[in-house]
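What follows is a set of structures for review.
In what comes next, subunit A is part of two complexes: it sits with subunit B in the first one and with subunit C in the second one.
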Partner chain A sequence: MAGTLVNRQHVRRRRLSPITAMRGAAVIVILALWQAISASGLLYNGVIPSLLAILRALVQVVFGSELYRNMAVTGFEVLGALLIGGIAGIAAGLALGASRFLSRAYEPYVHYLAPTPKIVFLPVLMAALGVGPASKLALGAISAFFPMALSIAAGVRQVDPVLLRVARSFRLSRFQIVRMIYLPALVRPISVGLRLAFGLAMVGCLLSEIALSNRGLGYLAAQDYAHFQIAHMYAVLIVVFVLAAAGNAAIVWALRRPGEA
Partner chain B sequence: MATRREQFLARLIPMATGFATLILLLALWQGAAMAGYVNTFIAPAPWDIAQSFPDLFADEDVLGALAQSFAETFGAAAIAGAIGIPIGWWLHSRRLAGLAFENWVANLAAAPLVLLYPLFLVVFGRNAATIVAMAVVTALPPIVLKTKEGLDGVRRTLINVGRSLRLSHRQIFLRIMLPAAAPVIGNGLRLGLILSLISVVGIEFLIHFGGMGDLIATLGDRFEVAKMFAAICFVLLTSVAFFFIGEQVDKWLARS
Partner chain C sequence: MSAELRDSAPTTNSQTSGSSAPLLAIDRVCKWFHTPEGVVRAVDHVSFQVHQGEFVSIIGPSGCGKSTLFNILGGLSGKSEGSVTIGGQESTGPHPEVGMVFQEESTFPWRNVIENVAFPLEAAGVPKAERLARAAELVDLVGLHGFERRHPAELSGGMRQRVCIARTLASRPKILLMDEPFGALDEQTRLLLGDKVLQIQQALQQTTLLITHSITEAVQLSDRILVMTYRPGRVKRIIEVNLPRPRSSEILASATFGQYVAEIWADLREEATRGMKDSER
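Take a look at the complex of A and B:
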């Protein structure tokens, strides 16, 4: 038994290594290509800075205070957007998923409005809420609402009706049915919806910061672009992508099922 | 068992309720605007918005803007398809490459790629190339993933029949695998097209370079609020139509 396990692990390790090598090779090729284009002079000076220049800028950005001030603003906007859009999305999704009538009446609107470009609402939100964080948060919340609502509605519909019948035959209260059947069944839809909502809220908030703002990570990147501090801009973008990946991973971790790695 | 009439009513009544709710909300908005409860400089009355639709066509060349946005969207989706389908095929045919990079592409699909637009702006400048390049990057991951998924899902039996008929690799790919995977690849292209449209409108809005996004931003800057709302409605309606048509094509591909 133990021998088989060791063998399996050995095979898995042997299988993994070419994949890791291939991935490593891809990273090296991409970085080498970047460096070659940077050194070639094909593009305007500074448009593609050297890897060393970007690394230097990244260190400067990470150890400076400017990043964290702006990160706090963007973090507040994204979390606020997730909270408002997420809660509204969960409520709407539960209603749409639980009632066939409501689903037929209103879900087509949610379904067809979901893939529209939300940035078009920005001028209206800025006129209504000003150019501060509130308008960014509102755009993020609108973006976060749709994936959450659609994911939850689909999740509710997938709850096994047998479980619901069993719950009713045991005379469980509505609250107990929600707690014991719906919520455990909705962990995955909430996780999927939250990850999509997080990405879209982040895009919504950052794009609106780029469009018109005086703080936030989007503003920081836009300022760097305006002052042609390209290496610094790439460093900010790297930070943004790392934050997005970390946020995504945190959601997966927080909503993992018991026993999942 | 429900009769056909009952089934029809079971669909019609909710649909009518949804539509009636929409009309009711618009009527409430109209009433609130007329009573002065809503600041019409921020949210003009629906009737004023409806009235500014003809001006949008007469003064703002909305059709020209739409044509530009659509040309960029379709152009970007075509480029993304031309790049993404071969990459998807490569990930399918080289198992190791699939294992190594499929997750990367999936992570890219979930990443806020549109934020890379300053990168393209410094490389291509403030022109249509930036908009198209950005849309290509946004549209690429779903096309790659769906192509791989479609090719992975082709039944072995079909390929074995092709082999027993001594078809070449090329013939097996073109005559068996590609048609069998077409519905899923079509789905990927539809997703790519939608993401491309969202990206195009977003970047047009940000860099003020023609198209529907720029039109909305310009009308907002000019404080022509009713016209701006009309333009927003126009973008939403065209996006919905775009999505709806794509969905119907998808269903047709899945049936055929």
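Take a look at the complex of A and C:
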């Protein structure tokens, strides 16, 4: 039976696996292409700055103070959006998953609204909540709600019915069934929903900052663009990218579980 | 030889185990369903008794209502008529003294083996150290020592069913109900697991009711076998299995074993043929 256990140690012990090599190669090729285009003068110089210029801008950005003020604002917006949109999404998902009636009534709407761009709500939100972080947070929350609701609804329905019969045969109370069966069964759907929600909340918040704001990472990038500080803008975008990747990785790590089917 | 093999009165009150009151008694239980085609009788006036320490199998063709009966006995499903009495008291829902092992895979994928087995103890509020200790004993009993920290995804089907059996035993049921727990496994694994069940039953003197469609399994494991008819399910015949205990799968070689199997198949064949004709319509 031990033979059936997948042994991942095997792959890690090798010095440079083909996969890592491929990934490294792709990055190197892209960077080389970038530098080549930049140096060639094919495009207007400012638009594709040299790697060195970007690096210098990155150092400037990371060691300056302006970045962190704005990062805090965007961070606050995204986390707030995840909290509000996420919790609302979980609640809606549980209701839709548990009640076939509610699901038939409302779930189609959730499905159709999910892929529509939520940015259309921005003018309304700004009229209601002003130009500051509040309207951005609200937009992020609306964006985060949909993937969470859909993921949880599906997750509730996918709980294996035999597990519920096991619970009934052991005479578990309703509360115990939720705590000991539904909650653990929902960890994977929550992880999936949260990662999507995080991505969409970031997009929503950044886009609305770019549209109209005076604080935040989106605002910073838009300002750089307006002043034609392109290298600086790329540096900010690199920071955004790193934050997004780190946030995603944090969610996966926090909700990791061994041995799931 | 025939006289020893047969006990042809399904509703007889004289039981071999003697004087004590039956642990489980079902009396004229019926179950019907309303379908667009009319009323379907799944179970029709089934009555029998199970005494302390007995191993009883219920065997019948597909569609004879065995699983319906299983759900009724376990309290997961209602009955249309009749009564189920456990330990002298009528029972209408899941009973604390009754443990169920289902046909489908039912381990919790997010818990490892020992956590799965400790599940009913955790639900009952048993403190952690105690419940893990009791679970460890049962993991040993079903032959999974060393696999306590593994997750179900890392185990074979037979091992997962053993985890389910251990988990149900953890709640110390007076009556163990099993619905074709080895149905999805190959013949050889079934025979080996049959041995394991015999050992467990021996060690715990566990009263067991097994639903199966395997004749050899029924004869290998049981003290008594109830043969059911095709729908509507009735008890066609009750057979006393007078093979010596303790038993193992080696009993398959004995001539008496073969006679029991032939006897049961003679009854079942008729019912199975009816079932087959029905599904061909």
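By our rule, the second predicted complex is superposed on the first by the 241 of 261 C-alpha atoms of A that agree within 3 Å, B and C clash if a C-alpha of one lies under 4 Å from a C-alpha of the other, contacts with A are read in each partner's own complex, and residues count from 1 in each chain.
Just so we're on the same page, contacts are C-beta pairs under 8 Å (C-beta built on N, C-alpha and C of every residue); 3 or more make two chains touch, one makes a residue touch a chain.
What you are looking at is a predicted structure, and each value in this text was computed from that prediction instead of being measured.
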Partner chain in contact with A:P184 - subunit B first, subunit C second, else both or neither: second
Touched partner set for A:R171, first subunit B, second subunit C, both or neither: second
Partner chain in contact with A:L163 - subunit B first, subunit C second, else both or neither: second
Which superposed partner A:A127 touches (first subunit B, second subunit C, both, neither): first
Contacts of A:A254 with subunit B and subunit C, given as first, second, both or neither: neither
Superposition-derived comparison: subunit B or subunit C, residues of subunit A touched: B
Contact residues of subunit A, present in both the subunit B and the subunit C interface: none
Residues of subunit A that touch subunit B when the two form their complex: 18-19, 22-23, 26, 43, 47-48, 100-106, 108-109, 112-113, 115-117, 119-124, 126-128, 195-196, 199, 202-203, 206-207, 210-211, 218, 221-222, 224-225, 230, 233-234, 237, 240-241, 244-245, 248
In the complex, subunit A residues that touch subunit C: 1, 4-5, 160, 162-163, 165-166, 168-172, 176, 180-181, 184-185, 187, 257-261
For the subunit C and subunit A complex, residues of the former touching the latter: 74-76, 94, 96, 98-100, 102, 104-106, 108-112, 119-120, 122-123, 147, 150-156, 159, 171
List of subunit B residues in touch with subunit A within their complex: 11, 13-15, 17-18, 21-22, 41-43, 96-97, 99-101, 104, 107, 110-112, 114-116, 118-119, 121-123, 194, 197-198, 201-202, 205-206, 212-213, 216-217, 219-220, 225, 228-229, 231-232, 235-236, 239-240, 243-244
